[in-house]
Amino acid sequence: MANDASTVFDLVILGGGSGGYAAALRAAQLGLDVALIEKNKLGGTCLHNGCIPTKALLHAGEIADQARESEQFGVKTSFEGIDIAAVHKYKDDVISGLYKGLQGLVASRKVTYIEGEGRLSSPTSVDVNGQRIEGRHVLLATGSVPRSLPGLVIDGNRIISSDHALVLDRVPQSAIILGGGVIGVEFASAWKSFGTDVTIVEGLPHLVPVEDENSSKLLERAFRKRGIKFNLGTFFQSAEYTETGVKVTLADGKTFEAEVLLVAIGRGPVSQGLGYEEQGVAMDRGYVLVDEFMRTNVPTISAVGDLVPTLQLAHVGFAEGILVAERLAGLKAVPIDYDGVPRVTYCQPEVASVGISEAKAKELYGADKVVTLKYNLAGNGRSKILKTSGEIKLVQVRDGAVVGVHMVGDRMGEQVGEAQLIYNWEALPAEVAQLIHAHPTQNEALGEAHLALAGKPLHSHD
Amino acid sequence: MANDASTVFDLVILGGGSGGYAAALRAAQLGLDVALIEKNKLGGTCLHNGCIPTKALLHAGEIADQARESEQFGVKTSFEGIDIAAVHKYKDDVISGLYKGLQGLVASRKVTYIEGEGRLSSPTSVDVNGQRIEGRHVLLATGSVPRSLPGLVIDGNRIISSDHALVLDRVPQSAIILGGGVIGVEFASAWKSFGTDVTIVEGLPHLVPVEDENSSKLLERAFRKRGIKFNLGTFFQSAEYTETGVKVTLADGKTFEAEVLLVAIGRGPVSQGLGYEEQGVAMDRGYVLVDEFMRTNVPTISAVGDLVPTLQLAHVGFAEGILVAERLAGLKAVPIDYDGVPRVTYCQPEVASVGISEAKAKELYGADKVVTLKYNLAGNGRSKILKTSGEIKLVQVRDGAVVGVHMVGDRMGEQVGEAQLIYNWEALPAEVAQLIHAHPTQNEALGEAHLALAGKPLHSHD
Amino acid sequence: PPHTGDRPLAKPPVRKLAKDLGIDLATVVPTGPGGVVTREDIRAAAAPPAPLPPVTERAAAPAPAAPA
């Protein structure tokens, strides 16, 4: 391929999703000359097929639920159904507003944005649109796509991935969701709010199995109350078409039928055929391997985001992208404490956490060194007003810092910022308890939990 | 009065509102023998006539607004009106649930609860129901009641206080609200959501005049968009009855007419005729004067809550009550930094703050030493999904800590917990910026604001 | 004197800073109100030690008391 561009960029970034564009913005801000190559749309999965559209569907679902239940609050409404075309318009308007904003930002920071499918062509270059883009450093940020299982073919119509679910032109009558992780339970929640009969199939013993077990149990209880069905602890075996939909058979022979099957068992890295192996980049099952500074084994190549085997979250991509930009600009880079990254699942009720689970804390510190406390939202005025229930569970190292905050309840995802400071700054329960929280907020529940853990419960029993 | 009770309590508390009951709960937990005297209902203003019922009305209002606007989200509903009896039932159910919980708590901590109207009868006793209750220490916590202006008689029908507004058996067609402070704007917001034609009259130049001016301006803009009218900068002169309602005349001659006039100009302490002066307690315009440890000039008497001239907030009452209990139990009492108390106004959009305003910071540190930053919620995905707008404004001492956080937007009150830690722990913008916040939350906006203030804006322009 | 209670006398972000810089809070001389260790105290403790005073002055300084 002819190298007809004379420029050598400081940084060439392959992939314009959360990880790639965050690196581009920060690097450009620090004075580096940056090229950002994206084959599809700036913003990547998160903006166009992930975080943002799912939350718009969930919010529409929340509004539908509130319309159904409004009489309980003295508001007379009648709920007449979902206008799915209008839901999509709302969702697409949110996306396009943010998309424009992001495009403006990239332009204003003087990042050279190149549209096209790129391929790593040397340790210091990417080929795209028949051109070689040279860089002193290359950042791989090609992200991830939905995975399936052997023999389970995603047809985009009856057997679908989240990509299809987000643009489905109807509310399915019934749906089986394969996988009770974050993406699975979020769709379960939104669809149920829209009126779909939902069944989740999860092979592990719990929904949101990476959360503290208490959160899983609370979510399961809440989903049961909402009429969201789930089958736990048995793995998927096969799927076949029926006359009107799909039939799923589990390893124990149990079967489920529904109009659609959403496969939400995880996402795999986008790394095939992009020249990574050829340039000697060390990989494992498709993931690019990196150290704590996001460096691959090739000195001129870094990688971030869903492409590397860290938490698959947009803000992890942001943090990793920023870290790379700052390192390349000569600033001191601080490795990310992944336990300290906040995690929110936006189903109804929301599940949020930061730090480690009770089980992991016991493993790390010994069972006798771990103290836990649960604060029930039943005692929290604001939660009562919202008619939500749930809990905050704190995990503490005896006489030491709070090392885990695990929350379940409507809107509790918004509490994770305070929890994030508590965990990352290694605050003692008494230090939080000293600061009386605002009444009557849901936030107050976090304060009450720390009051109780510090041995001075206010609105809770000793 | 005969002293026919032989017990001498460690602490006798007059008034069972936020301040009084918090002191009782904490003191009892620390092993003190406590009597709590309340003439009306345990829980006081906040639970029965304040924080809780107003927030229930506001939430019903939110649901009504969402029903009206649901088509924008693709949800077909028709809004048919407010069933005010059902709103009251919902509100009363919330109150009674919390009331029961609180009664259970007080009983479980073995506080001696005495129902009756008490009067300070000596520096170490309160008389109630014909009995003298003796205590080594007495805590005055008789709270506050709505205030009016000379010549403005609250009749409870057309000219009402918040107490009446909370039990009004109808949605007024139109209302004038005298006072644009917290209580005034909260009722304005709830009533507007219910369909009332609302006009606020505020003598100072801004709504919520104690907030940073930026927050006031944003609230005014939002209220204007909602069709809530207000007249600022001219004081009230007189009110007279018309055939169907009330007519208000301002100092400049301007007049307003409406079905009801809500007087929300502030609350005054309950201290008349309760024996405070007779026992030598130093007072100022009805307020009991205290030092930073809530001690009055009489060594055996302390006072907390709305009765003392500190911020009139329930959680200030909690904090002050706890402080007194801990001091009397011999623990080290830490004076409250009132600037560090979080403040939330629960109108729609919400206004929340902690720390000091830009104006006050400039006064304290000098104009050249103060740096501010505004982050517009237009760049925040979650806020876009909620279709809310607003801003976060940070006030920083140059090269130093964040000393003020001022937020406006739907649900932004729930962000005040993180802001509270930042202010009270004197965090630097860079320390917050280092912790990438959860995407896509409203909480993320707080992270973005600190990223920008630390000189490394992510989703915002430089 | 080094703080002996179980509660480290510094606000959480300052403690975090000390940890990141590898400084033992107990060895830092607090200058904040109420004996609180400040960020400046940590930075001072982290800074390379000030140059030694001239030898003559050091010789003139009283010898430390012998341990009992």
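Residue numbering begins at 1 within each chain, and the chains themselves are lettered A, B and C in the order written.
Heads up, the rule we're going with is that a contact is a pair of C-beta atoms (placed from the backbone, for glycine too) under 8 Å apart; a residue touches a chain by one contact, two chains touch by 3 or more.
This is a predicted model, so every value here is computed, not measured.
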| item | value |
| --- | --- |
| Co-neighbours of subunit B and subunit A - touch as defined | C |
| Interface with more contacting C-beta pairs, comparing A-C to B-C | A-C |
| Centre distance in Å when subunit A and subunit B are each reduced to the mean of their C-alpha atoms | 35 |
| Where subunit B and subunit C are represented by their mean Cα positions, the distance between them in whole Å | 43 |
| Contacts with two or more other chains, residues of subunit A listed in rising order | 334, 421-422, 424-425, 427, 431 |
| Two or more partner chains touched - positions in subunit C | 11-13, 16 |
| Footprint of subunit C on subunit A - complex, ascending | 334, 399, 421-422, 424-428, 430-431 |
| Touching residues (chain side subunit C, partner subunit B) in the complex | 11-14, 16-17, 39 |
| List of subunit A residues in touch with subunit B within their complex | 18, 22, 25-26, 29, 46, 51-52, 55-56, 59-60, 63-64, 66-67, 70-90, 94, 97-98, 101-102, 105, 108-109, 313-316, 318-319, 322, 334, 340-344, 352, 378-379, 381-382, 384-386, 411, 413-418, 420-422, 424-425, 427, 431-432, 434-444, 446-447, 456-462 |
| List of subunit C residues in touch with subunit A within their complex | 6-7, 11-13, 15-16, 19-20 |
